[in-house]
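One structure coming up, written as structure tokens, with questions to follow.
By letter and in written order, the chains are A, B, C and D; residue numbering begins at 1 in each of them.
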Amino acid sequence: MIKAGVVGGTGYTGVELLRLLIRHPQVELKAVTSRAESGRRVEELYSNLRGYLDLAFSEPDIETLAECDIVFFATPNGVAMKQVPELLKRGVRVIDLAADFRIRDIPTWEKWYGLTHACPEFVAESVYGLPELNRDAIADARLVANPGCYPTAVQLGYKPLLDNDLIFEEGLVADCKSGTSGAGRQANVGTLLSEAGESFHAYGVSGHRHQPEILQGLIGMSHGKVQRVTFVPHLLPMIRGIHATLYARLKNGTSEQELHQLFEQAYQNEPFVDVMPLGSLPETRSVKGANQCRLAVYRPGNDDTVVVLSVIDNLVKGASGQAVQNMNIMFGLPEKEGLEIVGLLP
Amino acid sequence: MIKAGVVGGTGYTGVELLRLLIRHPQVELKAVTSRAESGRRVEELYSNLRGYLDLAFSEPDIETLAECDIVFFATPNGVAMKQVPELLKRGVRVIDLAADFRIRDIPTWEKWYGLTHACPEFVAESVYGLPELNRDAIADARLVANPGCYPTAVQLGYKPLLDNDLIFEEGLVADCKSGTSGAGRQANVGTLLSEAGESFHAYGVSGHRHQPEILQGLIGMSHGKVQRVTFVPHLLPMIRGIHATLYARLKNGTSEQELHQLFEQAYQNEPFVDVMPLGSLPETRSVKGANQCRLAVYRPGNDDTVVVLSVIDNLVKGASGQAVQNMNIMFGLPEKEGLEIVGLLP
Amino acid sequence: MIKAGVVGGTGYTGVELLRLLIRHPQVELKAVTSRAESGRRVEELYSNLRGYLDLAFSEPDIETLAECDIVFFATPNGVAMKQVPELLKRGVRVIDLAADFRIRDIPTWEKWYGLTHACPEFVAESVYGLPELNRDAIADARLVANPGCYPTAVQLGYKPLLDNDLIFEEGLVADCKSGTSGAGRQANVGTLLSEAGESFHAYGVSGHRHQPEILQGLIGMSHGKVQRVTFVPHLLPMIRGIHATLYARLKNGTSEQELHQLFEQAYQNEPFVDVMPLGSLPETRSVKGANQCRLAVYRPGNDDTVVVLSVIDNLVKGASGQAVQNMNIMFGLPEKEGLEIVGLLP
Amino acid sequence: MIKAGVVGGTGYTGVELLRLLIRHPQVELKAVTSRAESGRRVEELYSNLRGYLDLAFSEPDIETLAECDIVFFATPNGVAMKQVPELLKRGVRVIDLAADFRIRDIPTWEKWYGLTHACPEFVAESVYGLPELNRDAIADARLVANPGCYPTAVQLGYKPLLDNDLIFEEGLVADCKSGTSGAGRQANVGTLLSEAGESFHAYGVSGHRHQPEILQGLIGMSHGKVQRVTFVPHLLPMIRGIHATLYARLKNGTSEQELHQLFEQAYQNEPFVDVMPLGSLPETRSVKGANQCRLAVYRPGNDDTVVVLSVIDNLVKGASGQAVQNMNIMFGLPEKEGLEIVGLLP
């Protein structure tokens, strides 16, 4: 049994981790920490866990965490970087669900996150935890930077196009839409049901922290040829789900059918990426609660523009599910262990 | 392995059954039938099942179904009663998720459902599948009438009060609220998002088919003393969940704490009924996707009126989950087998 | 033209007042105050007002307000009571949309609101602003206590029953459901879309501030015979609308048709109370944005229990629309002036 | 007073027209027709109209309609074209809210709409009713083709860019999102709350009827230089509102501030197009129920890509409100008459 700890278990990625780890046959949950809720039983905050988790939140104490094989940080940005060095020293492996280790370039990270990085030397060591990109490196990693939700949906959508050199590197557009759970469990006027319900709007158009993460990924996939991407996130009047609608210009007249075949080939061995049949329209609800990315590819009107539709549950494949997938890889478990969850539909 | 068939797999209780049976370790799914969708792969209709179910809808052929150990009817009312006699004769056990066998009194059933019953002789044999009431009889049953969603929430809420003779039998009020999935996957103007979204209203106030089922249950629990119940259902602008708010007048001045203790005692051995701590407010989302009923009991202002709050997921404990629970009991499996699913929150 | 001021214009009842007053042909809006947003243009906070209101929030300065004919307080509880005496002295009439003057009994008010009342002598003078109850007194009032949202829906529903002495005074049950806008524009975890969306739960079952206000109203209507009422509010996963489902026991066998006629007679001259045809089911959306209460009355199964369904928009007839209606009455304007707004459906 | 008739008053654009015309000071509503609901009082179908409209649906009789000054067709595609010639002959002016007269090229229309056009000679005469484009022609028109909802949002967004020759004509992307009311009041599984709620997906990616209408508009604005546009519509889990996110490549390095100024100039005299301040993010709710288009323009990261955000209420500026605006222009009324409605927020 893998002894696991969750730091910052009170947010949505935290409770989602608990939902998954509780039912994972190879995991023993040792500690769920929260400074604010220390001493309170977890089920008091999250009644869906009643009967499944006999544990109280504890102080994020290094001695307790050091007894774990793996520690997940489901904390705000800037927390993990302060504790990771000590944990690694003690032989604990770490998956950070926040952004502390996602961006290779420290000045870029510091600019976007408004913080001074506490352990830049560990950024270089860390592995970006997108299994479809970095499976082997993840297996050996001590420290995994779990990707952001938008970057997961966008990178998986563009990957077959860039790997096969099918699109021009200029003019990439990622029009993305997310449910409100992506904003976390923070008291905030903008995500009140009275404000975000029955409405729709873009946000962060001038700049969003996931833009540099997406761009870093696309640069990597394209071996430096992609230099820009226009990323516009929008807030959906619903709780879970991300839909990325991706646009690019085709270099050659690759047909829709060929595109579809290339996507199918690209992901044929991936347990959690599902290329849907030609003509399908992935719905976010088809992955609700499930660690899946579903993709479809189109070439509308036989024009030069290729359109990729990519959906994930932002809390699962976009966060906690992907973290568990990474853990499975790191510990040599079957990659689907604990993650064979059918999406909740309707 | 139990060989299972699902008749009428295209509706919401059908797909929910599939979600549960697919992951049930003791079940092998042999057939999913649908006249309308025969030949079509199940995953085409329900993309959440992609990768989990390699099966096409088949014609509801008696020979195929007769090879099953158990057949679930997730059909409209009036379908099961036509096929049940033959299946039972062939040694197949049956759980009907529709209403064909729920009402003991045939004329009452025929009045409310507007049909002539095709096999009244089997109504007497059938067992009403509320495990908290009839566990032993279910274990031996060939034919189980799976309860309606509202009746499940209401009966579990009133049971400890009636068992302990705490309330007057007159003036019972069950004010119930349901998500739209209770109305099924039918093209219908009234449950369009444009009609049922951002709105709330009562329906069936003059009479709803679940009223006689609820009343039959309360009559049974009270040994005939309850003769009436006012049941008002309402439509919630959401998909899953039932909340029953139950009112009754206390015979004696039983305190809120005593009431709470009696509820805890009543359900202490029930795996799927959770009496929440005193002062709790059960949310429907805490049981989303889970086979749970959560209860709380109040005596506001120390008045004579007792208030019980009861929540279930109408598609799980209110339908398909309860059906699987009944199957587990019928086949001597651990009652929680395949049903230890944590509610999806947020 | 009536010179009007709004104190506390940043909340939902504030912006709703602005929406109504802007289009009111007899009103000139002189000041909209907000300590927090002073200096900021109103339309920056509420973009729906762009093009309609050329005004910035100002400090709640007594000199400015004293120039108004009427001042509306759309403030948290406990604010109006501090400023009302001075405004009345200066000859300004006041409508308080908060609760400072709703409860006649000062100790009761102080217990429920946790404050010491700053001007108890004005409570006696104030008029409870439910026009259907107190139209004449409102016309002459200097100070109107605008009713709460739940109390409006509940009192209008019970009034014909109590006026005609049709029901027993014991065992009244008001099962009420409200959209989230009733909780105001406050950063609050519980009313985030991620928390309150796709879910339903009761709250304040042990005690809610609207309970004593409802009870005071029912005591008044029944000339002291009603002594108790069980009030259970619930939170709906939507923004606007209240649905009150009211239960009582009939003294005599008044038929459903007679009940309907009595309701029609009771409200035949009321411009903003609509008794719907027999058998109708009022939807909250039918009053969205409109200053209407719609009612229906039932006697299900010819039992002794009468059921009244009452819907309002909590921000209009339940708050700001009713305040404008009160203003019209106070200033001798046609009662419908500025309030003939068709509900927004769908 | 203008005598107005509405043909096909039972759908959402129909009821929305009624909401607007009822309160229009210069309009007398003579007839609301519906074959299916003939004889039924309008308020029975739409309870929000109770008290405002003393009218029953009538048969779509030519004699009745011929007495009107203007007839609105709020019918399915293909209905207006059969009745328009006779009405025009009788001297009645017509606004068609459906698509019968929107597309100049008859074969294109017939291909996309699957019908043979009944009166192609009137297509040439008709005026495309986007006032911001064709105000003068609308004033003189006998027959106005009211634009589609998506085309309204998209054309208003691209217009200043194309008028000022700021963008390359290749690679235009219109990523659009609509509430479910755009699908009309049709019994349909896909727009049930249980299906379309809490989910998001694209549709019509291979081809949508609004694509040729958008393209025709952009061709016109660009004097034939635009030849293609990628249009991807998506379904939002909400009722009202369209958000168009428009992308194009800038020819020159026009700064964000210059872009903003050009937009402001372009629409400075338009009563119903609101260019929001630099950095604003238009929300669909800010135009709920209002005849407004709100725009914002961005150049994220100073890249070559310009992003325009455009929101409307699909039933108002995207349908019935725009129809009333066209009527005002046709009859020489102030353009804002009857349309000064503040958006319903929250």
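Observations
Following the convention adopted for this analysis, a residue touches a chain if its C-beta (ideal position, glycine included) is under 8 Å from a C-beta of that chain, and two chains touch if they have at least 3 such contacts.
These are the chains along with the protein names UniProt gives them: A, B, C, D = N-acetyl-gamma-glutamyl-phosphate reductase.
These numbers were taken from a predicted model, which means no experiment stands behind them.
Repeating the A-D interface with over half of its contact pairs identical by residue number, the matching pair from B-C, A-B or C-D is B-C. Looking at which of B-D and B-C shares more C-beta pairs in contact, the answer is the pair B-C. Note: centroid distance chain A to chain B, computed from Cα atoms, is 36 Å.
In whole angstrom, the spacing between the mean C-alpha positions of chain B and chain D is 45.
In terms of their C-alpha centroids, the spacing between chain B and chain C amounts to 39 Å. With touch defined as above, residues shared between interfaces to two or more other chains in chain D number as follows: 12, 181, 185, 194-195, 197-198, 237-240, 282-283, 285, 288, 346. Across the complex, chain C meets chain D through its residues 12, 15, 19, 22-23, 46-52, 181, 185, 197-198, 239-240, 274, 276, 280, 282-283, 285-290, 294, 315, 340, 342-346.
Every residue of chain A that touches chain D in the complex is listed here, in rising order: 170-171, 173, 175, 177, 194-195, 197-203, 205-207, 211, 228, 230-232, 234, 236-241, 243, 245, 247, 249, 279, 281-285, 288, 296, 298, 300-301, 303-305, 307, 309, 311, 346.
Residue ranges on chain A touching chain C, taken from their complex, read 12, 179-181, 183, 185-189, 191-198, 237-239.
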